[in-house]
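Let me begin by handing over the structure; questions about it come next.
Here the chain labels run A, B, C, D, E and F in written order, and each chain numbers its own residues starting at 1.
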Amino acid sequence: MCLAVPMEIKSISNNVAQVEVGGVANEVRLELIDEEPKVGDFVIVHAGFALRRLDREEGLETIKLFEEGLNLELT
Amino acid sequence: MSQKLLLDYGSGGKASQRLISGMFLKYLGNDRLNRLDDAAFLELSGPISMSTDTFTVDPLFFPGGDIGSLAVHGTVNDVAMLGARPRFITCGLILEEGLDMDVLERIIASVGRAARNAGVEVVTGDTKVVPRGAADKIFINTTGVGEIFVTPGPSGHSAKPGDAILISGTMGDHGLTILSKREGLSFDAPVESDSAALNHLIVRLLQEIPEIHVLRDPTRGGLATTLSEIALQSNVECFIREKDIPVREAVAGGCSFLGLDPLYLANEGKFICILPEKFADKALEIMRSDVLATNAQQIGEVRKDHPGKVVLETPIGGHRLLDMLEGAQLPRIC
Amino acid sequence: MNSLEQKLKDPKLCRSIVGRINEELDGELRFMEVCGTHTVSIFQSGVRSLLPDGIIHLSGPGCPVCVTHEREVAAFLDLAERKDVIVATFGDLMRVPGPNKRNLKAAQAEGARIKVVYSPFDAVNLAKEHPGDKVVFLGVGFETTAPTIAATIKIAQEAGVNNFLVLSFHKLVPPVMKVLVEDPELAVNAFMLPGHVCMVSGLEPYRFLADKHGIPAVVTGFEPVDILRSILTFIRMRNKGEAAVTNGYVRAVADGGNPKAQAIMNEVFEPCDALFRGMGSIPAAGLGIREAYGDFDAIRALGLTLPDVPPLAGCKCGDVLRGKIRPDECPLFKKVCTPANPVGPCMVSTEGSCAAYYKYQI
Amino acid sequence: MSQKLLLDYGSGGKASQRLISGMFLKYLGNDRLNRLDDAAFLELSGPISMSTDTFTVDPLFFPGGDIGSLAVHGTVNDVAMLGARPRFITCGLILEEGLDMDVLERIIASVGRAARNAGVEVVTGDTKVVPRGAADKIFINTTGVGEIFVTPGPSGHSAKPGDAILISGTMGDHGLTILSKREGLSFDAPVESDSAALNHLIVRLLQEIPEIHVLRDPTRGGLATTLSEIALQSNVECFIREKDIPVREAVAGGCSFLGLDPLYLANEGKFICILPEKFADKALEIMRSDVLATNAQQIGEVRKDHPGKVVLETPIGGHRLLDMLEGAQLPRIC
Amino acid sequence: MNSLEQKLKDPKLCRSIVGRINEELDGELRFMEVCGTHTVSIFQSGVRSLLPDGIIHLSGPGCPVCVTHEREVAAFLDLAERKDVIVATFGDLMRVPGPNKRNLKAAQAEGARIKVVYSPFDAVNLAKEHPGDKVVFLGVGFETTAPTIAATIKIAQEAGVNNFLVLSFHKLVPPVMKVLVEDPELAVNAFMLPGHVCMVSGLEPYRFLADKHGIPAVVTGFEPVDILRSILTFIRMRNKGEAAVTNGYVRAVADGGNPKAQAIMNEVFEPCDALFRGMGSIPAAGLGIREAYGDFDAIRALGLTLPDVPPLAGCKCGDVLRGKIRPDECPLFKKVCTPANPVGPCMVSTEGSCAAYYKYQI
Amino acid sequence: MCLAVPMEIKSISNNVAQVEVGGVANEVRLELIDEEPKVGDFVIVHAGFALRRLDREEGLETIKLFEEGLNLELT
């Protein structure tokens, strides 16, 4: 229902972050994000606002565990 | 302040004459055009391929080109797709009163440069100036003719089950570039329009490959729409694999946050080539040896299972239709 | 592409999960997603074509465009007629049909000033550029979108932009899901919860699904692996006789959601009844603008009312959204109702389930 | 309320396809157009005459024609003036979003009718829809090709001292008709546009007269401007007698109170024919036998005294220049 | 064509008169017309090419466009810049160059709202159609035109149209002719008086030419026979040693003019000093709007002033208009100054004498 | 200085006359004309107003006399 994409923060000033995806640069507003974002973070962007930080380590870890679980059960 | 175009320049009177000699002949002049008769005299022997297109692109200048070069490339490419050597083009201008004369001059110079590079001559033209507000700066019609040198030439009606489907490079570069420069939607994308004249490469392909069934440039509506047209015209299924379709990272990135699909974005320097599977490798080799098609790929094949449809195999191995859109894509948030 | 993004689309991993689904599925499983982005993702990624016949995929009322009521669309069109108004809208709404199949695109073609924006914030800039006009933003969306519009209203207030208005027809997901599960005819075994809505609201509002109704529900991301993993989770919960609301999208969703976004949303908006297309009025399922922000409320400022309109004859969107029928079971599907000539909003929205069936289903 | 055109119709998607099959193929269809390839395949043997023109006339409908028929006639005539049989035309449309579909349909039907009457086929086309306010309802580009069947063909460069100057009928009918219907200037004039396809008459003339030096249609800028162009191109004097130039009473009347000169008003169904004096009577006889040229007249002759100039003998026997105007004529009160 | 109109252009009659002129002319006769319509008619009809060398035709300050001062044009251009103003004008003024060769056509091309009208009355209708704007009509012209604008102001007043304004730069012919004949360098033997100006004002205001300065003057129509007959009259008066102001256009002109038109003109306008291009300020040679009609006066209502502008370098219009030089004696003529690139207004107006020389003279 | 053309009155109503020249019809206002105009009269039209009645008999008579005078003197 809500197209939202992860974009990487390249710089921040005045509640506005410069973000990038695939080299495409755009601006997003930071009024709504709950953690203080920093350069290098990935944020999930919806309608020009960053809504949350994307926890990529957590994401990878979850998948890795899940995958291991799958294989374990399969073999 | 630069000079502005007035209605007088379209009146047919002296102001028109000055525009013709001071600008059009200066940048486009050749023996045929210079005669300025009602029509141009062309030594051409048939059969002939003829195509027309009108260009209304906004903005007028964009990374990788402008409305002038685009107008040449678009028509040259369409003429070539029928298996022809494009030779001559016409240039019909609609200009809005108040247009910056410098802007006009840059565009006409670009038409001239693009025509020379493509090896075609602008042989006749027409200029209308309309009152301010009755047009948006400049619209260009180009119509081209060329000599068909293979018969039967390629046609959208000639795809056959078993044929390979090739594309000459990455999809969506032109469309995303234009979107990125649209007023109200501007973002920075490290991408350029692919606008280019494909005729030299097309001629080489046709000379070296004994049998090419379809050549078509996926412009408005993109790859998805153009393949749908071919599927309908030839009454076959076009089966393609998403993983084999080259899309630049920037195009994919821009599409992701605008909610668009690169397979529906316009290309202006790419072509689809459908030919018997046995010639696919040779054709790819020729294409990849040209700077305009280094990313050429086989993306699928023609089948007969779902005639009139384009079927896409997704990267995870699923299958779905790639339907023609009702209208243009709009940026969306859901 | 870095490895997280690759992993989430990894064909081999997908095939493994599908293998597991096939193995572990016992009988038929009817799951419903209530998010249009899930609808599109399931079709577009090809996940749907890989699922076994026993998995029945239903699309619920989760596309804010699809659930926009025809009376609301009529209000948009009335607004667009006003000479002193510039309408700003997300592109999604442009083709949604109102009475007599009229839509915003047609109004624009006939001269109405309608501007597609990518962010509600762009509408504030538009208002600054047109100080003599009123710029009315059409506020449509769920908990994901509502905070962005709330934040925009606060920004406009701070900047003293007084010709920016919002027509708020925002809707909330939990109340409509409540209506779904309380339907005695409900035939859904599991819910795929909307990842980006939950990013704001967290999991709490959905606990009742499992706790009260015994239906498992998983907050789900939008990549093929996310989706397939949730389906496997549904099967496993059912096989174990469990029902829980769990978070399958931990990388983006905290169980408590985004408290800051919730606070801003609640500061500007308050719950109100809302009209859902095909479902009628649902108590406390909408968001109206609070009195404190009444200066930005198009309804108050322009004295708008919702025109009465006849319902769309023959459209089964209500049944589709409730999961009672599949789009291709609607008698109008593909015959009378096509994207070129949509009868209902489920056919017109890019995320509508009828449109997805039409466009993607081979 | 009639249906309105949306941007979607120019998107290349399904809406475009419906416009093409539901309207363009319906009124313009033929074997070549129906193929809907990138370009049209034409059996034509050279040499070829090619001309382009864009039509932006306002109003779209006027007594004696509309923008559709005008677009066909204008290009057919230009192609013919080089000594050619017009065969094929292209049709490039620029449409403003919100255009009444009924209006579009009437115009496309008119293009089809005019093409059939002129004996030419519309073989390929292009449609762009631009946002409301970016164009004024509809603009049409037509580009035509035809086979040249006399060599050397007529040309503006070929007028010779001693040649007779003929015109095929009354001057200014089209220009005054359009002016009379302009918003803000509307008056009732019992006059119609002369818009017509001249190709059949031109072919007959060229077949029966052994030597014709110049053929040209005095469109924008009228007789005065077109003769000036010929005088410059051929480096000769065009000497004409005002009393021999047919002008309808209504055209003279309308010009009198607007302060305009009928010799600068556009014609869309007339031509200038310059040929050796000895063939003048024969040519006039052929012309007058055709309904399109019953008022044909010899209006003067080519001289060498004032090369590049048009000299007018006034009814009282005085002489003056007939100069090319700087820009368009404006209604004036002094 | 009926016989009056035929007679007035009859080639045989013209040749007879030319024959008489040749016969009766003794030495050189320098006559001046002070009406642009005469300028054009004399060239366009070919009369000029039939006259013997001894007849020297001079064009005086009788084209209202040509005598419009560059400061007045600058005022037009300033007005056109205003966002709340729609300028209405006769087509004649569109190309007249002001400072930096800018003109109304260029302003229009850059977006100024300028509308060419055929009658000042059309400008009142324009004002009705644009109630939110001010429609300013550029009032330029002599005694022929001024009454039409006076009548229009009265009509607007009666209809209660309060957004219609006139910028009155009307000029009067007798005062400028007074300046001409009082010039010690004057080298004009006879005046061809403007038929349509006299249609309003009658002959009285011109009697001083003969009575005080001994110069014959004939009110003249615009057909070839009218013009040739007046020239013959000049010759005959001179041959007899007479000087009178006579009426050669009795079919349209009463000796007393049109009292009704005079009354309306005098009711709305009052004489004021006026700027003439190339001649400077001439006392009582202009018409300003009376205080009673001040609501319609663009100068009062908009607080307009005439901007100072540098004079056009090198333009000899002043000398041309005074009959001191012919256009082709101006060093810029045809070299620097052409209709495409006019230096002075005599080149730009369709009725300008420099333009007529350029366009018609073989 | 003032382009003004004779046009024939075809009908009159409310201070506006329908006039014609060469079959071309237009409207002119009658506020300024000094004689009461009637259908069939020719009026001289300038900028949309009738300024005077054209006395065509007078015009013909004048020319006839002038022409006779010329010929008389010539023969």
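Here, a residue touches a chain if its C-beta (ideal position, glycine included) is under 8 Å from a C-beta of that chain, and two chains touch if they have at least 3 such contacts.
Remember, predicted model here, so these are calculated numbers, not experimental data.
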{"item": "Shortest path length from chain A to chain E (each step joins two touching chains)", "value": "2"}
{"item": "Label of the chain whose CA centroid is most distant from the centroid of chain C", "value": "F"}
{"item": "Chains most often in contact, by C-beta pairs", "value": "B-D"}
{"item": "Distance from the mean Cα position of chain F to that of chain D, given in whole angstrom", "value": "37"}
{"item": "Gap in Å, rounded to a whole number, between the CA centres of chain D and chain A", "value": "63"}
{"item": "Distance from the mean Cα position of chain F to that of chain E, given in whole angstrom", "value": "21"}
{"item": "Multi-chain contact sites of chain B, meaning residues that touch two or more partners", "value": "6-8, 14-15, 259, 325-327, 332-334"}
{"item": "Junction residues of chain A, two or more chains touched", "value": "1-3, 46-47"}
{"item": "Where chain C touches two or more other chains at once, by residue number", "value": "36-37, 63-64, 90, 118, 122, 141, 145, 339-340, 351"}
{"item": "Contact pairs between chains, per stated definition", "value": "A-B, A-C, B-C, B-D, B-E, C-D, D-E, D-F, E-F"}
{"item": "Touch list for chain C against partner chain B, complex", "value": "9, 11, 14-15, 36-37, 43-50, 63-65, 90-92, 94-95, 115-118, 122, 141, 145, 224, 339-340, 349-351, 358-362"}
{"item": "In the complex, chain C residues that touch chain D", "value": "105-106, 108-111, 339-340"}
{"item": "Partner chain C, residues of chain D touching it in the complex", "value": "4-8, 14-15, 18, 97-98, 132"}
{"item": "Chain E-touching residues of chain D, taken from the complex the two chains share", "value": "184-185, 258-259, 306, 309, 311-321, 323, 325-327, 330-334"}
{"item": "Chain D - residues contacting chain F, complex", "value": "180, 187-191, 248-254, 256-257, 259, 332-334"}
